[in-house]
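A, B, C and D label the chains in the order they appear, each numbered from 1.
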Amino acid sequence: MAQRVKRIGVLTAGGDCPGLNAVIRAVVRTAHKNGIEVYGIFDGYAGLIEKRLRPLTETDVSGILPKSGTILGTSNRDNPFKYYDDKGDPANAVDVSEQVVKTIEYNDLEALVTIGGDGTQSISMEFFKRYGIPVVGVPKTIDNDLGGTDITFGFDSALQIATYAIDTLHATAEAHHRIMAVEVMGRNAGWIALHSGIAGGGDVILLPEIPFKIEKVAETIRHRIDSGKRFSLIVVSEGAKPEGGDVVVKKMVKDASEPIRLGGIGNRVAEQVEELTGIEARVTVLGHLQRGVSPSPFDRILATRFGYYAIDLIMKGEFGHMVGLSGRDIVSVPLEEATHRPRIVEPDGPLVRMSMDMGVGFGV
Amino acid sequence: MAQRVKRIGVLTAGGDCPGLNAVIRAVVRTAHKNGIEVYGIFDGYAGLIEKRLRPLTETDVSGILPKSGTILGTSNRDNPFKYYDDKGDPANAVDVSEQVVKTIEYNDLEALVTIGGDGTQSISMEFFKRYGIPVVGVPKTIDNDLGGTDITFGFDSALQIATYAIDTLHATAEAHHRIMAVEVMGRNAGWIALHSGIAGGGDVILLPEIPFKIEKVAETIRHRIDSGKRFSLIVVSEGAKPEGGDVVVKKMVKDASEPIRLGGIGNRVAEQVEELTGIEARVTVLGHLQRGVSPSPFDRILATRFGYYAIDLIMKGEFGHMVGLSGRDIVSVPLEEATHRPRIVEPDGPLVRMSMDMGVGFGV
Amino acid sequence: MAQRVKRIGVLTAGGDCPGLNAVIRAVVRTAHKNGIEVYGIFDGYAGLIEKRLRPLTETDVSGILPKSGTILGTSNRDNPFKYYDDKGDPANAVDVSEQVVKTIEYNDLEALVTIGGDGTQSISMEFFKRYGIPVVGVPKTIDNDLGGTDITFGFDSALQIATYAIDTLHATAEAHHRIMAVEVMGRNAGWIALHSGIAGGGDVILLPEIPFKIEKVAETIRHRIDSGKRFSLIVVSEGAKPEGGDVVVKKMVKDASEPIRLGGIGNRVAEQVEELTGIEARVTVLGHLQRGVSPSPFDRILATRFGYYAIDLIMKGEFGHMVGLSGRDIVSVPLEEATHRPRIVEPDGPLVRMSMDMGVGFGV
Amino acid sequence: MAQRVKRIGVLTAGGDCPGLNAVIRAVVRTAHKNGIEVYGIFDGYAGLIEKRLRPLTETDVSGILPKSGTILGTSNRDNPFKYYDDKGDPANAVDVSEQVVKTIEYNDLEALVTIGGDGTQSISMEFFKRYGIPVVGVPKTIDNDLGGTDITFGFDSALQIATYAIDTLHATAEAHHRIMAVEVMGRNAGWIALHSGIAGGGDVILLPEIPFKIEKVAETIRHRIDSGKRFSLIVVSEGAKPEGGDVVVKKMVKDASEPIRLGGIGNRVAEQVEELTGIEARVTVLGHLQRGVSPSPFDRILATRFGYYAIDLIMKGEFGHMVGLSGRDIVSVPLEEATHRPRIVEPDGPLVRMSMDMGVGFGV
């Protein structure tokens, strides 16, 4: 495939996620094989605003496949269209997008690979539309809730540690005849809770997509006790909500720092279930362990395919698109699509239905 | 869905594989929820020949999700149509299939769930056709080479340990500037080698589907040395063959016990590459570690879906079929199909092509 | 060694801990080899109060070496001298110790192996002194703060997961240029925090034994930033206290359930450090993951030696003692000693001094 | 402590071992804190012969704590007193020790930290005695058979993977009613086999220190079958020998590359036991997986203490010594001692005796 591109840039933005380094490695390896130089941009779009970028060598990407995190660094606050200073005051937000364009032109970057989630891809789309910057997006979200792709890397790895945690808590739950609640990631989509709940044999699974009645949760646990099972495992999405509005989360957000908010719904569920059943309940909040775990083989392969295909798109001149997985094939979708179809768990989907048929409670 | 079935049997046959217990658990849980009693048959078809079976309780399947192996036991030599005694002399093979039918009738088993690979499913098909035994097959092969399903459980778990091994050997290879060869499972299909090779960053991947020239392997390694990389990782399928016939494997099979045969091609490749390049080479043969690893979340979920759907087929009276995965859906295929379309790696498939484009050597 | 004992009982009490099953297995195996029958007593002393015990077979203890938890179950509220009902109201506490004695006599238990921590061993001592019950104690505390032994099983296993967590959080901390605080077990003794902090390369380690000044913690982090290190890892014992009284913990204990209390000091430290340094801080509370992890080889061996030696003491008629490790030898110490010498970290011990010399901050 | 040293060198030699990087990190961190510059010497003494060395920075040692291997590289063939060329022909061995001295003087290295095993420490002693080079040794041997220290780092990590392997093979052994033999490291000392055998619940443990009778091994397995246990696990040291001379190993050494030799005794034992008992037997040879595993917390702490104390010795001017662990204290011993007291398993030591009392077979 004929190509003229000589130099491109790559950045990672948003929350880190196992597999980011695998994408970077694939981008660099593939680009070099095709005579394309790759500039690493540090800390997401911030690197383009602050002119922090440099060429990446084979050595830079050697041995990074098993490593979580990102050798480029990332940022949660790097939107050039609404950029605000270190104090982090959105009130001071300004548009510095032209500085980004200047940096791209100054360094002769003929294309940009932006690895990130919904927010990042929206920014990339904006640069593509408003300034005609030739961007190619690579989807990234540990929650697996991004549209335009069947699945994103990082999710399978998060599943590994979440399932391991459930396996581990099982022993203590059984020894102490306790209820063990484990809170996993998933603000708007319950994919991690649903999959790890099934894989770990959770007795109750609470998802953002299925508002729960705490009384129903207690019912499931009482039913287990009646059938001689003196312990229960509850898997809770951080975004799970009791029926009738997200009271819990709101309250938590109002008066506490993230860790408490993270622990919000899990703690609340445990306290209420303990009250209702009289069985001791404990909570574990996995939090960032889900991000830092070494990428699973599945995620390393998917991430590598994404990076490889991103260079393919660049050489074809197919910009304003994002790579994605469809069935077994890597495809490309317009950024609009990607950023407008969040993927959430269908309350009557096959996995939920199967779990219900097998006796798992969803608090309904 | 209306059903009349009152009692069924379940067995596991062939080499063990992470996820077998998850299938058994799903079969029992789902059957019980539908008022169906489940008899566990021990050591594959041997249990039906020797009348070793008993009802399975909720307790039997409690806590087995994370466990590899199979609570029912399995056997590699249990073909009732060609059964031979403990001395294991095929010359004495006899047809004891009628005994199997007697056991099924005596115990009022109205259907049979047979979890196994190609061999097992052929036997099940034979019982279905010749005796009209209502069988439902669940595919099982760690090599992932069975037709009728996109993927089988066990494969993703084997991938975990294979990739972990490559990551681990990487350190020693680098410290000693050595060539490290790791031999993974895959007699006829190189799926594990290909996927773990990509996930682990193997420099050379040798598959049964792509006969290799040892000189080409040495070339890839020399090329790495020239570019300053003093170590290399070679991932070898146990069924990998040098171009011009499978000399090595034949020789190995002829005069040695399995462990040596298992180690055959890996050792041979290492010796020859060391000779050709002058770089010290070492071999690790993963062998049974790939079977005994705790099932990955992906495998636990897939195995659970298979077991759940097997009961669904039984209640629908859809016999002589095998469950399978197609895209994201669980489907059923006639046993014939399943047993007549082995899945092997396409030498020009997307993963092989991508790897070649990224500089991985395949010995060609 | 001549012995007359025909039947003994074994129980596990207090918080569960990796290695309990290894002790039980060794007790049963060794006893059987010496013609001694072993009764398993369920849920600690509660089993003797409520007459829940039964003979243990080889099958009961087969394959339990790698399993955390305890096949006998345990309890945190089983003191027969101050027993209170399910409502858990200490006000209703009564002395039911005679019931325990009755159960022991009724079942002809000639000796008792009590596996537990400080509380359990005190109860055992009381039974030995007041009623002459022939008890042998086996020390158990994940915090490693029990006297009478150099080290207890469970500690090394907790260290594995704590260190793994620090390794894992490292990636995210580095990618986001954040402060990551991880809170580990250790109410009164900081062994887990100190050892995992050194093993994981923590930049700040906060222990109950060394009251910290939050300003000093911030100083260490600022110093790192000045030397170009934009991320920091803080390892916090759940019992760590700011200088000038344990305000934080008290407050937490007063108004919250255990999970919040567990998260108390970690969250507080993170919030304050974020405020003082302006660097984003996140917290992970490991909690029960530290209890449920599969026992490490070291813990399995130590636990096995303890169980083996407990039977040795019984056969020698050496009661009222507890087994312990002294250097490389298993010894026995009077229960008094064991329960009166808590082991805590010496603020000027070799590990603390070494860490300080290597630049680790302790908030002082 | 007053010190005058301005610059030192550090090298790692011999087979790699988990914890080497932790020693290097501690050496560099501690030296820098004391104003001492550290030169990293590459590939053991070879680096001093070939003048391959450079200053190590904080960045070089940042984040290497969890990594196995060695950032300095190592060599198995770097004896300057008997140095031979790439062809590896000992016949051409020459004494290039003066070149080493020249390199040390030319680079103003005032002391040398040599991290290595028996061979390396003997070389260091020779340089200390013949040329007065101020060396400090740090013991390293995964087999744990080095004198002068209670234990060496790397051993506990090797134990982790060996025990994990036994746990893993357990499932397949049980499912297939097979004998599983696992061969672990230990040429002259059976520490890894003994400890992992106890930790993994091996039924038979074969050590170099206890020559075995294969018939006795078969007896133990038959005894298990009689008591209803249809599977058995055999843990074999690579140096295990049948009574009456090490025939097997010799034969293997004579005609095969290391991997075969490594697999030698394990395969032989499996074949013979299968023949004698009629039970299918399989072998797994762990090989280099034992070297590449991430260092355990215990090893990271021990390695860190060794590195820290090595600098202490240098500042005290205590040369010609090796650091070591004695009880809980880090001590220093003259290199002679260290290199003249190999530590092997005592056939009547407490762990062997305990195992025998608990029914484990040692082939005697």
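Simple rule for what comes next: a residue touches a chain if its C-beta (ideal position, glycine included) is under 8 Å from a C-beta of that chain, and two chains touch if they have at least 3 such contacts.
Keep in mind the model is a prediction, meaning the values are calculated, not measured.
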Chain-contact steps, minimal, separating subunit C from subunit A: 1
Distance-maximising chain from subunit A - centres being C-alpha averages: D
Winner on C-beta contact pairs when B-D is weighed against C-D: B-D
Distance between the centres, which are taken as Cα means, of subunit C and subunit B, whole angstrom: 41
Approximate Å spacing (C-alpha centroids) for the pair subunit C, subunit D: 31
Gap in Å, rounded to a whole number, between the CA centres of subunit D and subunit B: 35
Interface hub residues of subunit B, defined as touching at least two other chains: 167, 170, 174
Contact pairs between chains, per stated definition: A-B, A-C, B-D, C-D
Touch list for subunit B against partner subunit D, complex: 12, 15-16, 20, 43, 67-70, 73-76, 86, 161, 165, 167-172, 174-177, 180, 257-260, 263, 266-267, 270-271, 274, 278, 282-289, 291-293
Subunit C-touching residues of subunit D, taken from the complex the two chains share: 26, 29-30, 33, 58, 62-63, 65-66, 150, 156, 159-160, 162-163, 167, 170, 174, 195-196, 198-201, 227, 229, 294, 296-298, 300-301, 304-305, 308, 327-330, 350-351, 354, 357-359
